[in-house]
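Below, subunit A partners subunit B and then partners subunit C, in two separate complexes.
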Partner chain A sequence: MTTEIRLSGSGGQGLLFIGRILAEAAGVFEGKNAVQSTSYGGQVRGGSSRSDVLISPAEEEIDFPEVMDADLLLAMNQEAADEYGGKVKQSGVVILDTTFVKQPPKTRGRIIAYPFTLKTKERLGSALPTNVVVLAVISQIGALVGKEALVRAIKKRSPKGKDEINLQALNLGFELVKTGVLQRDGDDERELH
Partner chain B sequence: MSREGLLLQGNEAVSEGAIAAGVRFFAGYPITPATEISEVMARRMPELGGTFLQMEDEIASISAVLGASCGGVKAMTASSGPGLALKAEGIGYAVCAEIPCLIVNVQRTGPGVGSVTPSQQDVMQAKWGPNSDNMIISLSPASIKECFWLAIRGVNLSEKYRVPVILLSDSFLGHMSEKIDLPSPEEIETMDRPRPTVAPEKYKAYDADINGVPPLANFGEGYAVRLVGNMHNKAGDYSRNPRDFDFLINRLHNKILTNLADICAYEEVEIDGADLVIVAYGIVSRAAKAAIRLAKNQGMRVGLFRPIVLWPFPTERLAEIGKKVGGILVAEMNMGQVIREVERTTRGEVPVAGLNRIDGLLINPLDILAKLKEMG
Partner chain C sequence: MTTEIRLSGSGGQGLLFIGRILAEAAGVFEGKNAVQSTSYGGQVRGGSSRSDVLISPAEEEIDFPEVMDADLLLAMNQEAADEYGGKVKQSGVVILDTTFVKQPPKTRGRIIAYPFTLKTKERLGSALPTNVVVLAVISQIGALVGKEALVRAIKKRSPKGKDEINLQALNLGFELVKTGVLQRDGDDERELH
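What follows is the complex of A and B.
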């Protein structure tokens, strides 16, 4: 069974980076099959950005490399939430960063809404590693990949001098899931409705 | 190099494959979506004692590659459709002078300068970009693993047959990442151009029989090396003799066409018992495989024929398949290029339909499935 993950938002939010980390952690460090692709033109700050990751067991080849119906959708801005909210499975999960997404999209999936960017800035003093916080959250919610593999991939792919803050961000993401704050703050979604 | 898993982009895998095949010279001019190949080669060539040159334009890049190859170094360049249009002059020269080289085209969308999104719009350009009855080899990878292995195959074929080889990647594949287990060097077969076995004074630059590949000496080793882009005779002298024209042009074709069993490669999926067969190549073949999976769930029997070598086109096998099935669907990200070859090959013996997309987005498995149902 292939798990389909779509990471969407704005250029500069680091979605391509975490897509590659996720694919490398699952594919190289956990021996699964993994494909990561990107929609073009989003790498510059400001434009829309999309990164798809598909993960399957080692014995199962991944054919089509783009998400058809997402198991997990991350939307880091309103436009992305609106565009991709409808392309999520019934059993899927939609993760919204309410720092930017003010209206929950129409979707069949379960919504988890949390102000990731705001909270990352509060906790780590910078909003930049929000992408890694979200990566940790997605990995656990989707049971995609273990922490050890993520740590290895982050150490390998982080720009020089950025691995420490990225590992702190990873820990923060694990903490958010463990403490149940996402489900609690997930109540925000009622306010959103 | 130990066996290790890596997550590579298509552009990185092509570069590493070419390096594994022995390429030690790269000249190029930056163009999206091929630039990462230049970036990798700029880093890797000096590490390996090779040469990286960023040239002033596309024509200079192919010219530098041809010069390097004449010096005895395996050489490559990479660009996209608009760059290949400029490089056509040099590629045609390499066809006539029989200079081995690998040319990567990471295809983008549209005529003119176009745009940077993916397409398969340069399939005919690969074959017919240069003037005249152009005989080249062109390969079409569908995965990161194939980007690596077909770069090796491309270098090998270019050396063995002294012919330019065009690797047709695309903007999607070039930037897609997938896991690949890199082989150890002893698992990689590399090939070198045929070398002269005669003394320098007896060497004739184009001495081969009507189906043959002439031995190629390096510049600077005492042989009179003539690399001639004009019509020429076996000695490499400029010629205006009709018999020389006839012999040379036939030989440039025959050296490829008499070795189709060695050169052609394709993948077949569930062809036996299929009612309909999809012909798809490169990235689109993956949508076709997904569509076959979906069709199977709905009780349809659909197969896939995927040319891995696009030029020369695998006519013989496709003609056989055409006689056995009820219809062929050619799915490609252009206005219909390979469908012409499929129609030519099957000669009206089977209905042939096309599914085309030219907006820079991938053909979706559901679109293929819908078209298959329409064909019934």
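What follows is the complex of A and C.
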């Protein structure tokens, strides 16, 4: 079975970077099949950004390299949430960054809402590595790839001097899942349900 | 009509980089639609690398984001030439780097063969920017994107300190097409027909 992941938000939020990291971690370092595709131009509105990743087991080919109904949707801004919220499986999960998404979208999937950008800035002193925090969260929640493969892909692909902060961000993402704060953050949950 | 471009060769030849440059030049800087997709893992053999780019006019959506039969195939090693040579339209063009491709593949397309890596090293003192030389050649031969859009995308995406050599490589690629050396290089042509 192919797992369909859509990462959406604004240009500059680093979604293409984490899409490639995720695909490489799964495809190269865990021996699965993975396809990453990015759309440019009129099909993507304004300054928005979209990166699709599909992952299948080693013995299974990926037939159609674009997300139809997502198993996992990340929406990092309101426009992305509104545009793609409806294209999620009933069993799917929608991850919202409530720093930017103020209205939960109409969706069949389960919503996980958390102010990722805000919290990353608080904890790491910079909002820049929010993308990697979210990458860790997605990977865990979707059981997509293990930490070791992510670490290897991040070390390989991070710009010089950025691997340390990216690894800290990865740890923060794993911590958020482990401590259950994503599920029990009452304030954010109430805001959205 | 969607133009299907497949860039294939070895990992490390920079094909993902030029795939993204091409898609961004077409989609962002020329207002067309473009999708770039990359496969990782078992679907791509050994150390090989494949980057597909699809480009359509602004008013036309791209339905299927993977190359079926290429309008333009770039093969930068023998394995890629053998693997993908058969998946080219009759009206298509196959561009081979004869630095590495010694046997022309079976294909319906017209073959353009030239020792791109060798000549780039001779002319620019390094083989590294061969990918950008080839990007210029492909863009011209397929009438995919204009030089201005390529320059903008290269300036935006080149790693620090690499934009100058990449722009030189772009100029070299345009020069190769303009002077007709790709068509009339008797030695390479004879070797392959």
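Worth a mention:
Basically, the second predicted complex is superposed on the first by the 184 of 193 C-alpha atoms of A that agree within 3 Å, B and C clash if a C-alpha of one lies under 4 Å from a C-alpha of the other, contacts with A are read in each partner's own complex, and residues count from 1 in each chain.
Going forward, a contact is a pair of C-beta atoms (placed from the backbone, for glycine too) under 8 Å apart; a residue touches a chain by one contact, two chains touch by 3 or more.
Given the structure is predicted, the values throughout are model-derived calculations rather than measurements.
Look at subunit A after the overlay: subunit B and subunit C clash there.
Contacts of A:Met68 after superposition on the shared chain: subunit B is touched, whereas subunit C is not. Of the two partner chains, both subunit B and subunit C are touched by A:Glu24.
Touch criterion met: A:Ser37 reaches subunit B and subunit C at once. More residues of subunit A are in touch with C than with the other of subunit B and subunit C. Within subunit A, the residues touching subunit B in one complex and subunit C in the other are 20, 23-24, 27-28, 31, 33-38, 40-41, 64-66. Those residues of subunit B that touch subunit A in the shared complex are 5-7, 33, 116-118, 171-172, 175-179, 283, 286-287, 289-290, 293, 360, 362, 364-366.
Taken together, the subunit A residues at the contact with subunit B in this complex read 19-20, 23-24, 27-28, 31, 33-38, 40-41, 63-66, 68. Of all residues in subunit C, those touching subunit A in their complex are 20, 23-24, 26-28, 31-44, 58, 61-62, 64-66, 159.
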